[in-house]
Amino acid sequence: MDKDVIISYIPHFKEALFLTLKIGWLGILLSLIIGLVGASLLHFKVKFLQKIVGIYIEIFRNTPLLIQLFFIYFALPKVGIQITAEKCGVLGLGLLGGAYMIETFRSGLEAVTTIQTESALSLGFSKAKTFRYIILPQALSMSIPGLVANIIFLLKETSVFSTISLMDLMFTAKDLIGMYAKTTENLFLLVVFYLIMLIPVSIIGAIVERKVRYAGFGD
Amino acid sequence: MNELLDVKYLHKEFDNNVVLKDINLSVKKGEVVVIIGPSGCGKSTFLRCLNGLEEIQSGVIRVDGLEVNPKNKDIVKLRQKIGMVFQSYELFPHLSVIDNLIIAPMKVQKRKREEVTKEALKLLDRVDLLDKKDMYPRQLSGGQKQRVAIVRALLVHPEIILFDEVTAALDPEMVYEVLETMQELARQGSTMIIVTHEMNFAKAVADKIIFFDKGEIVEETDDVEGFFASPKTERAAKFLDRFQFTTRL
Amino acid sequence: MQALGIDVLFKGTNLFRLLQGLWVSIEISLISVVISIVLGLIVGILMTIDRPFLRIILKIYLEVVRIMPQMVLLFIVYFGTTRVFGWDLSAEFSAIFVFSFWGTAEMGDLVRGAIKTIPKIQFESSLALGFNTVQTFVVIIIPQTIRRLIPLAINLITRMIKTTSLVMMIGNVEVLKVAQQIIEANRNTSPNAAFGVFAFVFFLYFIICWPISRLSIYLEKRWA
């Protein structure tokens, strides 16, 4: 491995890291929104919409992100829907992640007992306020381990962005290998930059998870 | 008319099984009504109907002249007039004791934090739990949790409080502290409907005894001492007999 | 139909080629799953054994798999080994290697989790009966975890199939690659082929993965 080559490539990878993080986290944000809305629709058993959410989950959980991105990026323009590669990345990751986040939030909501709802109702809370002040906070804290796992999964999935010509880490490595054939150095940097991206999330996740799992409220 | 609660021809079924049939009951302000009866006789379901947690098939429940109906929009307002304490306490695990107490008055009734907190601390002190105000429910014993739950119900300023077997899940040595709190409330003139298996407590606190069996009121009397000494119906006599037998064991 | 480019699917051998490409994906997944289950059982058992050194090694292995995208692993194995060791691995072998490496860790963790739910007294009473450690696992412990593990293993198959879509990135001719070739070849005659063909591939993945994941959920509920 050539040290000088590595140093000269770092700026490229840094730029790619920022792009990957930007699109990755925007996608995760979108997936969290979809997850919360979807899980709420399922929780309140909203007719019709509940069915749609179910179908959405099945479709996006049972197909690879790669083909979802291909479909959005290459196929949809043929029927007149055209979006940029960056938006496609955010949308694709958000839709895929949303399907997983709904499941995670839903199991959190299911873990809150019905009698908790009843006790809130008996204090005069409306259904909406019961959800907002009593059910949701408990469900969210129970969802945390699942959320952390989903976030790591989604950040890893960003590696397929390169297929729609987004200049993420993977794209940069491939591109540089193609141009200068410095395979070892590029693969080394690729691994290092993924570690930079994922290790902090993994560590923070592990800490939060342990707190939630072993302590519960009040320790 | 000083009837706070008025139930007429209440009829309730689950999947064609009649759980409550033609219940009539009226409760005056300040009255303490104790409901007893064998397990599964419908007494808990009855309490849940009073609070609009169950839909009823026919009949009318009125509190303060207003009809209790889970489908009505004003059920939220009505429930503030009817407090309820559950067997399993149901404190909110994500909130500290003090937050458990003030959340409903603040978020539901839009009262000021300082004012509610002041009242909450006063009541907590009354049940000897002032030092626990910043703890979380999981750090409390069952008896302590139940006393907090009672205070929580009181802070909404209900006109009537329902107690659903509130000591049934407690260790024997904690039953007393909860019953004592309830007796104190009764002495202060609170209107209460209590479902319980604690017969001595029932005898001490009740203004009116109602004996439930198989979904109907079998015996209803204001003569509490008389009921326990010699009930008028055979079913109540049998129940009390069996009950005394098992407690003697 | 032509406007949506669906007609392309029925031209010449296109449909057949797509299905052939799909078979490549399925083949890679099935081989990888079988390897993952076998090795995963062993790794899972090893993870429950109280040997500090072994535990650290396995922990590192698990973390690598947890953090590194499969695509990066694929690149390292396919391109990196050629460079560093001069090996010329085929795309298919690289894919099976990487997916098994990943799947073994996933399966191992599931096995570890399942073993953890078996009460300690089961191990002790088995040892007390004179079974040795290996016999204890094979005869007593693993059979108790099977019902828990089968749905999870089935679920791993769908995840494996979804992941195989990545192998086109190292030049393997599987369903997505074939799709691209077909779209490219019909660029002039049906400019909208991308819609029809990608929609079809989307559908293919769904129709394979969906029943398998339903089966996994069904078994999980039934055996819970």
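Think of it as A, B and C in the order they're written, each chain with its own count starting at 1.
Assume a contact is a pair of C-beta atoms (placed from the backbone, for glycine too) under 8 Å apart; a residue touches a chain by one contact, two chains touch by 3 or more.
If you're wondering where the values come from, they're calculated on a predicted model, not measured in any experiment.
A.B. asks: What does the chain connectivity look like after leaving out chain A?
C.D. replies: Groups left after taking chain A out of consideration (others unmoved): B | C.
A.B. asks: Of all chains present, which has the mean Cα position farthest from that of chain C?
C.D. replies: B
A.B. asks: Going by C-alpha centres, which chain is most central here?
C.D. replies: Of all chains shown, the one whose C-alpha centroid lies nearest the global centroid is A.
A.B. asks: Distance-wise, how many Å sit between the C-alpha centres of chain A and chain B, to the nearest whole number?
C.D. replies: It comes to 46 Å between the two C-alpha centres.
A.B. asks: Taking each chain's centre as its mean C-alpha position, how far apart are chain A and chain C in Å?
C.D. replies: 20
A.B. asks: Taking the mean of the CA coordinates per chain, how far is chain B from chain C in Å?
C.D. replies: Inter-chain centre distance comes to 56 Å.
A.B. asks: Quick one: in the complex, what on chain C touches chain A?
C.D. replies: Going by the criterion above, the answer is residues 4-5, 63, 66-72, 75-76, 79-80, 82-84, 158, 162-163, 165-166, 168-169, 176, 183, 191-192, 194-195, 198-199, 201-202, 205-206, 209-210, 213.
A.B. asks: If you look only at chain A, which of its residues touch chain C in the complex?
C.D. replies: 58-59, 61-64, 66-68, 70-71, 74-79, 152, 156-160, 162-163, 170, 173-174, 177, 183-184, 187, 190-191, 194-195, 198-199, 202
A.B. asks: Mind listing the chain B positions that touch chain A in their complex?
C.D. replies: The touching residues are 48, 51-53, 76-77, 79-80, 82-84, 86, 88, 90, 92-96, 103-104, 107-109, 135-139, 152-153, 156.
A.B. asks: Show which residues of chain A lie in contact with chain B when the two form their complex.
C.D. replies: The touching residues are 115-116, 118-126, 129, 133-134, 137-138, 141, 216-218.
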